[in-house]
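What follows is a pair of complexes built around chain A, which joins chain B in one and chain C in the other.
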Partner chain A sequence: MSERFPGWRELPKGAVSPKSSIEYKTGDWGVEKPGIDLGRCTQCTLCHFFCPEGAITISEDGHPEVGMDYCKGCGVCAEECPVKCIEMVRKR
Partner chain B sequence: MKNQILMGLNGDEAVAYATKQVNPDVVAAYPITPQTIIVERFSEYVADGEVDTEFVAVESEHSALSSCIGAAAAGARAFTATAANGLALMWEMTYIASGMRLPIVMAIANRALSGPINIPTDHSDSMGARDSGWIQIYCENSQEVYDASLAAWRIGEHLDVQLPVMVCLDGFTLSHTMENVYTLPDEKVRDFVSERKFIKVEGHMGETELRLNPECPLTMGPLDLQDYYFEHKLQQIDAMKQALKAIPEIDAEYAKISGRSYDFLHPYRMEDTEVAILGLGSTMGTVRYVVDQLREEGVKAGLVKMRVFRPFPVEELIKTVGNVPVLGVLDKAASFGAPGGPLYEEVKTTFYDQPEKPMVVDYIYGLGGRDTSPQMIRGIYENLMGVLERGSVSDRVCFVGVRQ
Partner chain C sequence: MVSGLTLKEAARKPDGIAPGHRLCAGCDETVIARMILKATRGPTIATSATGCLEVATSIFPYTAWNLPWIHSAFENAAATASGIEAAWQAMRKKGKGPLAEYETVDIIAFAGDGGTYDIGLQALSGALERGHDFTYVLLDNEAYMNTGIQRSGGTPFAASTTTSPAGKVIPGKREWKKPIDEIVIAHGIPYVATLSAAWPLDVIRKARKAFEVEGPAFLHAIVPCTRGWRYPQEKTIEISRLAVQTCFFPLYECRFEEGRPVYKLSGPSAAIARRPESKKPVLEYLEMQGRFRHLFRPERRDDLIDSIQAWVDQNWQILLEKVG
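== the complex of A and B ==
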C-alpha cells in the first residue's frame, strides 16, 4: 500500500472513522478470490445475495461481477453456488 | 462558606444531590449495594420533577453503561453509578466509553469483588478498571464526594481531555455515613458546569462536532484494525497527559466558587517528615488522626493523600514526597501474583529513575471491608520507623489486619 496514513495527531479524535466505508477498501485482505466460470453460470444471482460484503454485483447481461476493491475472499459465494461454477483461487 | 447550605448527607446522597444540581440529560443505572442510594435518591428527584433527566431503568450494569454511551454519543450528559460486580459486568463498555472519548461520569461506591461474596469496601473494583481509560478520583469524605461529583463533568468534558470519569467513594465508610456537607446554590453549580462542550472532528462529510447528528453523520467507533487502532490509543494516552494540565485548571475554578481547593495530592505535615504514608480514599482521614498523635509524641510522621489516581501524577508525586526517606503505601486492593498492590507498583515505578528515592513498603489492608483502626495505622508507622533505623526494607509487601 502506497497510501499515506495519517499520524495520531492528525486523526480525528473519538475513534471517528477517518473515511467512509466506501473509501475503506478491504479488497487487499483476501488470500483467495472467486474465479467464476461464466460458461456454466446459470445467472441465479445467489452469489450476489449471499456475499457478506456486497462485493458481487450483477451486470446488465445477468452475469455476476466481483468488485475486488471489497472482496475479502471469504468463499461464501463458492460455497453457495448451486452449480459450483465458482472456485476460490489463490491470489498472486 | 458564604451562601453555601450545610446539609447532612451520606456519600451516596452527596453524589445524588450534586448530580441533581448538574441536571444531566440521561441517567441509566442498575441498583447494587452500596451504590443503591445514589440511584434511589436520583429517581426520586426524577419522580418529583426536580430534574429534566431521562431516567433509564435498565436490566443490568452492562446495559446501564451502554445506554450512557449511546446517550453521550448523541451529545447528552450521561451519568451512572455502580460498585464491585456491577462494574465488572460493565467491563467491555468501560473501554468503549473511553475509546469513543465520551465524558460520562460514573460514581463507584467501592466494594470488594466476589467471590466469596462480600459487600463492604475495598478498591478491588475500581483498581481492576485502572487501565480502562477512565479518569479516577478517590474521595476521603462526603464533602470531597460532593465536590468531585461536580468537578468531574468539567474535567471529563474539557476540550483537551474528552474522557469518562469515575468518582470513587468507599462503600459504607462514605456511601452510608452521614456527614456535614457544604453545598453550593443551584445557580452556582449551573454556571460552573454550564453546557457540555464538543470538540470538532473531521467526519467523512466534513467538519462537525463529535456527536451523532443526522445532518452531518459520523461513524463512531467502527472497525479499526492494524492501520488505525494504535493511533487512536495514542490519542487516549495523550488525553490523559492533557488531563494532568486540565485538572488543576478546573480545580482552581472550583476553588473560586466553593472556597475548597483540591489537587492531585494532598500532603499533610510533610515538611521535615521521616516516615510517610501514601494512600487513597477514606482511610487517609484515619491516617491524619494518627499523624497528629505521632507528631505530639515527637515522631516526624506525615502523609500524602492521592486524590487523582488516573492520570497518575508522576511529577507531582516526586515533588510532594521530596526527600522523605521512608514511604509506606496503602493498597486496599490485591493484585494476585503481582510484585505488590497497584498503588505500590506505580509509586515504585515513579521513583525508579530518581537519584534520591525513598525506601518503599507496601501495606495491603482492609480487603473485604476489614476494619482499619488508628492502632493499625500506628503499627504501620512503627514498622516504617524500623525500616528507617535499619536503613533497609525487609518485607516489601506486608498484610495489615489479617489473621496469621
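== the complex of A and C ==
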C-alpha cells in the first residue's frame, strides 16, 4: 500500500468514497472458478441473478460471462444452473 | 408496467452494487439487493443501517454503490430515508435544489434484522406512521452476523448463536421469532411483501410494486448466511428455496385496501396452499444448517423438532385463514 489516499480534510463534503470497488479485485479469494459449457447454456440468465458478486454478466448475444477478477468461487452458479452446464474447476 | 418486467430485460440493466465488495463468498445479501435495485424506475437513493451490507460495501476508500448512498447508524435507516423523502418533497415544492426536477425518486432503506427487529424498530415505526414514500428492505439473516453471530429478535427458536449457544441444558435460543411482518402490517401501510432470492422474478416484481405504491412499503427478505447458519457456501439459494417450500418463511404480499389488510400468497406458497401434500417437512430445512446441528447430534431431539414443526404449521394455518 504505497499509494496515498486523500484524508478527510481533502475529501469533498459528505465523505464520498473516492474509489469504486471495481478497483478492488476479489478474484483471488476463491480456490475454484466456474467453467461454463456455452454449448448447453439456455441463456436463462439465472446465474447472473444468483451470483453474490455480480461477477457474472450477460453479454450482447445473451451468454453469461464470468469476471474472474471478482469471482470468489462460491459455486452458487454451478449449484443452481437449471441445465447444470456450469462446473467448478480448480484455479491454477 | 409491472407485468412487462422480465428476467432478460432485468439482466441487461446495470447492477446497482458493483463487484469488488467484501461480503463473504456465497452471501445472499447482495443477491437480494441487486435484484431489488434492478426494479428501480429511475433516480434512486439508498441508505443502509449498520450491518453486513453496509460495512462490506463501503470500506474506505472504496464504495460498491453505483447510486447515491447514505450511511446510517444502526437504529435510524428509516429516519434517514424519511429525511431524504422530506428533502425531495421540499425541493419539488420550492422548485429548486438538485432533486426538484425528478417526478419520482425511489428511496430505499436497507437494514438487517438487528437494525429492524431490535434496534431500528422505533425509527421504522415512526417513519411508517408518518407515511413517508419510501421502501424499507429488511435483509433478515436471523442474527447479528456482522459482529459475530449474536442472537437477535429475528433468530428462530432453537438456533445456536454465540450469545444463545446450544449446550447440555439450553438448546439454543429459547424464544420464538418476532412476527415483524404483522407488526408492520398493523401500521396500516399500503404494501408489505416477503421475498426469497430463489425466485428472482417474484423479487423484482414485488420490489417494483413497492416503489410504485404511494407511501411506505416494507419488503422482508430471508437471507441465508453461510457463516452464521453454518452450511456450505454454494447452498445459499437452495436454503432460501427450502425456507419457502417448508412454509418456514411463506411468500405473500399484503395490501391495505378500504381500511383492512388484504393478504395474497405468491407463486410458490400459493402452489403449496393448492396442494398441501407438496409442503416439505421443516426437518429438511433444519438438517441442512449447522446452527440446528444440536437437534440431531449427539442425540436426536424430536421434541424440539416437533415443536418447531408445530410452530410452522400454526403460522401457516393462520396465514391461510388471513388469505381466505
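By our rule, the second predicted complex is superposed on the first by the 72 of 92 C-alpha atoms of A that agree within 3 Å, B and C clash if a C-alpha of one lies under 4 Å from a C-alpha of the other, contacts with A are read in each partner's own complex, and residues count from 1 in each chain.
In this text, a residue touches a chain if its C-beta (ideal position, glycine included) is under 8 Å from a C-beta of that chain, and two chains touch if they have at least 3 such contacts.
Keep in mind that this is a model prediction, so the values were computed, not measured.
Once chain A of one complex is fitted onto chain A of the other, the partner contacts of A:G7 are limited to chain B, with no touch recorded for chain C. Legend: residue contacts after superposition of the two complexes on their common chain; A:F50 is shown touching chain C, with no touch to chain B.
Looking at the shared chain after the overlay, A:S20 reaches both chain B and chain C. Put simply, more of the residues of chain A are touched by C, taking chain B and chain C as the two choices. When both complexes are overlaid on chain A, the residue A:R92 reaches neither chain B nor chain C. In the superposition on chain A, chain A positions 5-6, 16-21, 23 are in contact with chain B in one complex as well as with chain C in the other. In the complex of the two chains, the chain C residues touching chain A come out as 7-8, 10-12, 15, 17-31, 34-35, 57-58, 60-64, 66, 197, 200, 226, 233-238.
Listed in rising order, the residues of chain B touching chain A in the complex are 99-102, 162, 199, 201-204, 210, 218-222, 224, 227-228, 230-232, 234-235, 238-239. The part of chain A that touches chain B in the complex is made up of residues 5-8, 11-21, 23. Every residue of chain A that touches chain C in the complex is listed here, in rising order: 5-6, 16-26, 29-30, 43-46, 48-55, 58, 62, 67, 69-70, 72-76, 78-80.
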